[in-house]
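Starting off with a structure, shown below.
Chain lettering (A, B, C and D) follows the sequence in which the chains are written, and residue indices restart at 1 in each chain.
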Amino acid sequence: MDKKIEIVTILENKFIAKDVCEISFNYSFDVEPGQFVNLYLNSKDKLLPRPISVCRKEGDLLTLVYGVVGKGTEELSSYEKGCKIRVSTPLGQGFYLDQVERGKSAMLIGGGIGIPPLLELSYALLEKGVRVEAVLGFKEQPFLIDDFPCNVHLASDEGTVGFHGNVLDLIKAKGLNADYYFSCGPKAMLKAVAEYFPDVQLSMEERMGCGYGACLGCVCKTKEADGITRKKVCQDGPVFWGRDVVWDE
Amino acid sequence: MDLYFGEGMLSGMNNLDMSVNIAGVKWKNPITTASGTFSVRESGAFYDLSELGALTTKGVSYEEWEGTATPRIAETYGGMLNSIGLQNKGVGPFIEEELPLLKKYDTPIIVNVVGKTIEEYCRVVERLSETDIDMLELNISCPNIKEGGISFGTEPKMAFSLVEKVRKITKKALIVKLSPNVTDITEIARSVEAAGADCLSLINTLLGMRIDVAKRKAVLANRVGGLSGPAIKPVALRMVYEVRRAVNLPIIGMGGIMTGEDAVEFLMAGADAISVGTASLIDPTAPLRIKNELREFMLEYNYKSIKEIELLEE
Amino acid sequence: MDLYFGEGMLSGMNNLDMSVNIAGVKWKNPITTASGTFSVRESGAFYDLSELGALTTKGVSYEEWEGTATPRIAETYGGMLNSIGLQNKGVGPFIEEELPLLKKYDTPIIVNVVGKTIEEYCRVVERLSETDIDMLELNISCPNIKEGGISFGTEPKMAFSLVEKVRKITKKALIVKLSPNVTDITEIARSVEAAGADCLSLINTLLGMRIDVAKRKAVLANRVGGLSGPAIKPVALRMVYEVRRAVNLPIIGMGGIMTGEDAVEFLMAGADAISVGTASLIDPTAPLRIKNELREFMLEYNYKSIKEIELLEE
Amino acid sequence: MDKKIEIVTILENKFIAKDVCEISFNYSFDVEPGQFVNLYLNSKDKLLPRPISVCRKEGDLLTLVYGVVGKGTEELSSYEKGCKIRVSTPLGQGFYLDQVERGKSAMLIGGGIGIPPLLELSYALLEKGVRVEAVLGFKEQPFLIDDFPCNVHLASDEGTVGFHGNVLDLIKAKGLNADYYFSCGPKAMLKAVAEYFPDVQLSMEERMGCGYGACLGCVCKTKEADGITRKKVCQDGPVFWGRDVVWDE
């Protein structure tokens, strides 16, 4: 009985870019980079939790960054400071950092609303003495880039900031590489990254029911020793090894 | 509206008996988990499963089922659609990996059984009958692939044959879970009663659909899926009420139960026990909370046993 | 999510055609009122009814129907139950008192027809056929008192006979309104198509129930009632989708439509027009608002006509 | 097109007795005593309007008094000052005051949460030069009694205030009478009052769907010249003549 749903009071909830919000509240649980929490909405028509990755944890302060992409995140963005919401304890398998060695280098490859989880990861890697650089791609307007405690390469689809093109074009153009690769972003990007860097760790997304492993709503096809299986993104993931993911759905 | 503690309170809470006897199996209280919305390891991380009346597993087939493509989940107003497609590893791994975990709790175990043919159901039931599980729940909403994919649960004769065959090969208490996607649920209820069922559970999900208007396609990869949650409660309650008047078997009622009050509605409509499904996805400890709310209701209105909870005037 | 005005905007909104042709009757737009949730005098006090595609009346019988006892309404999660029992004054007073009020608006009139026997339906249709209403909508969910009270709409043969008889006595465009309380709605749809229907409307309400746990009795005097509202939308949408693939008739879709986006889901599922029911009870101007939201959707996604609104991949 | 739904901002919403709340907001529409408004809840599980009678209208300030009896009124009681809610324009047939004559006397008979609509009525009658007295019954705790601008007789079931017994017992015991009678309260009380004073005007209640006359959810059986009909409480009522009401449901 190590899991529960907490009621937290929102300390801040504000737009940091067009359709991108940052929410923070006090949260006493230990989180690993790559894990997520379930946020439950207050209105009674929308019942299912919204999974949002940990963006930053400092002391007891948890910060999440989410895109306003539908009715639920729209409602979330309307909550004001002081409003209470239900939040789960940390969930899922975060990035695999056990084998990471001091002095080696890591590249974090993020696209759009996939960037937030890489922030907490960058701090964790630096703490382990790993050299970190981030390659971040945006459609247009960038966000969070100044928060990364490392060298950041920027790319944008429209050429509004940094390199004109996607993150992989940028990586190829600059000939960037590292010992470890970590990525989060749109499915098409993750697939391209996994083809280029097969030993990348990917943070995957899938529509969820429960978000804690009870319903099998959120599966991701992966290659295993004994064939292809469907693993739970909310529990076996969200982090998977790029080389294991089967991309046909 | 605060609680009113009547005389029952004075004589102590020990007077209150929440236990029920379902087809010969004693449950501590009338609350179980609805199949597919409960997983022993994951739900057990939130609360002590021994607190429940029984634990119902997700559907178990003979060999591994892959389930359907993703997305498998869609949210609807006051409910949700799922098309998990009964993904599971099959009865062998179930017995080896899941069952030992379930046995750790002091709570009867109900195994939900699925199949694509009568033979497949029978093979699962055979294997499970050799174990020390307590009850079987036949999910008869599966498509019968030998009859053009028509669901066993929508055709009284097919439902009868299935239950009759299964009945012959097991002595375990046999629950049959009915599909609500029928013109007359009492017809199916009567035919599975005649075929030897010990208990009925209802309802399974209603068939539904959602469309993503921006993408111009169904939200679910499978297009249609099963609707569950509070939205369907009135339909479920009506069906329990109808079936109660049609058969003598005990009934496990479910469909949108979110609160103790909802549970009471089902008990009053004629259910002997209830299952909590979608509520567990929204609040992982829902079955426990609902049990506690049911107890509070009994104290407030001075009910001494679950049996006393029924409609007044008929 | 703000609106994106695409190229359609540049060439002006006049380019946008919301009209539809339903069984030979031209509607200005695909929005009508669901039977029983609209009253010309009362709804007309809130907005200009000429704005709608068509006006659908409550059920009209041959002689006066009293309806059921009260309470007739119960609230449910995301929906409501009603057991009005089709209270109405009969076709005579309808023609004298209501019809002149309806004729004041520049909008086609659909009269919903109910009966307890085939003969009763026919007599109402005969009287209405002499008037200048535009379309008839047969509510076939009524119990057939000559067949033990089984609903006409749940038995393909009974539905066929009813529609066949009615078809013979009227030249008016004939909509048949289907009941969702069936195992296979496409079977009924096909049989009323074969019997000569010009159009289908679906869905009517799902049968449901609620219990007042303090009073220990059903909330509705009639015990069971019809469930409507957003809770049932996924079921309605799935049925429209199924029926679209089973028959060639135009379809008027309904069931829980609350917003323009809901309306679009039905149009994409295969409906040619849609009805707004329960939404009007919660927001009396809902049909007008939904029309406007549909127009905004068409502008945003650059649809030029209602016909273009359909699913992409099948 | 004389009706609509307005969004109003709550000016005050407070308990004035156990399970009884008073809510007020600015409202620019003319109301007649006995009319009601539909209040729509903000949470999305409960869709139907809650009909609440006009208790008092002073200038643009509308005050309603409601009992917290179920989930909807419970939610309503939780709304704070500044919260917005949807409210209909005034609905229904109020008390019939056209024939009321100057100098005559009126008795207002109210029970429990049926008392609020009689307050606005008392002011309207006084304005017409009618002498008014009120007979008000409570289970236990009284409310609003000091707001009535007339002589008030009190009764309570438990004898906690005033006469020990119900309002009709009190009327009989004191031999009270008047030229006009008006009543609102629990059904059993209304029935008893109508039997004793057949020309009383009653404000009736029924479970409603739309609350504005479109659905026929809210009927009340009444005697008419041509037999018994079912009239809409929300439109033909809520005020009916005591002698017309059929009490068998």
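Everything that follows uses one rule, which is that a residue touches a chain if its C-beta (ideal position, glycine included) is under 8 Å from a C-beta of that chain, and two chains touch if they have at least 3 such contacts.
None of these values were measured; they are calculated from a predicted model.
**Student:** Show which chains lie in contact with chain B and also with chain D.
**Tutor:** Per touch definition, common to chain B and chain D: A, C.
**Student:** What chain is the most remote from chain B, judged by the mean position of CA atoms in each chain?
**Tutor:** D
**Student:** Between chain A and chain D, tell me the centre distance in angstrom, where each centre is the average of that chain's C-alpha atoms.
**Tutor:** Spacing between the chain centres: roughly 57 Å.
**Student:** Rounded to the nearest whole Å, what is the centre-to-centre distance of chain C and chain D, using the mean of the C-alpha atoms as each centre?
**Tutor:** 36
**Student:** What's the distance between the Cα centroids of chain B and chain C, rounded to whole Å?
**Tutor:** Spacing between the chain centres: roughly 34 Å.
**Student:** Find every residue in chain B that makes contact with two or more other chains and list them.
**Tutor:** 77-79, 230 - these are the residues of chain B that touch more than one other chain.
**Student:** Could you pull out the residues of chain D that touch at least 2 other chains?
**Tutor:** 44-45
**Student:** For chain B, which residues are in contact with chain A within the complex?
**Tutor:** 36-39, 41-48, 58, 66-67, 69-75, 77-80, 82, 84, 87, 221, 229-230, 278, 280-285
**Student:** Enumerate the contact residues on chain D facing chain A in the complex.
**Tutor:** It is residues 43-45 of chain D that touch chain A.
**Student:** Sort out for me which residues of chain C touch chain B in the complex.
**Tutor:** Residue positions touching the partner: 76-79, 81, 154, 181-184, 206-211, 213-218, 223-224, 227, 230-235, 237-238, 241, 256, 258, 261, 264-265, 268-269, 297, 301, 310-313.
**Student:** Of all residues in chain D, which touch chain C in the complex?
**Tutor:** Going through chain D, the ones touching chain C are 1-5, 40, 44-49, 72, 206-210, 212-220, 230, 235, 249.
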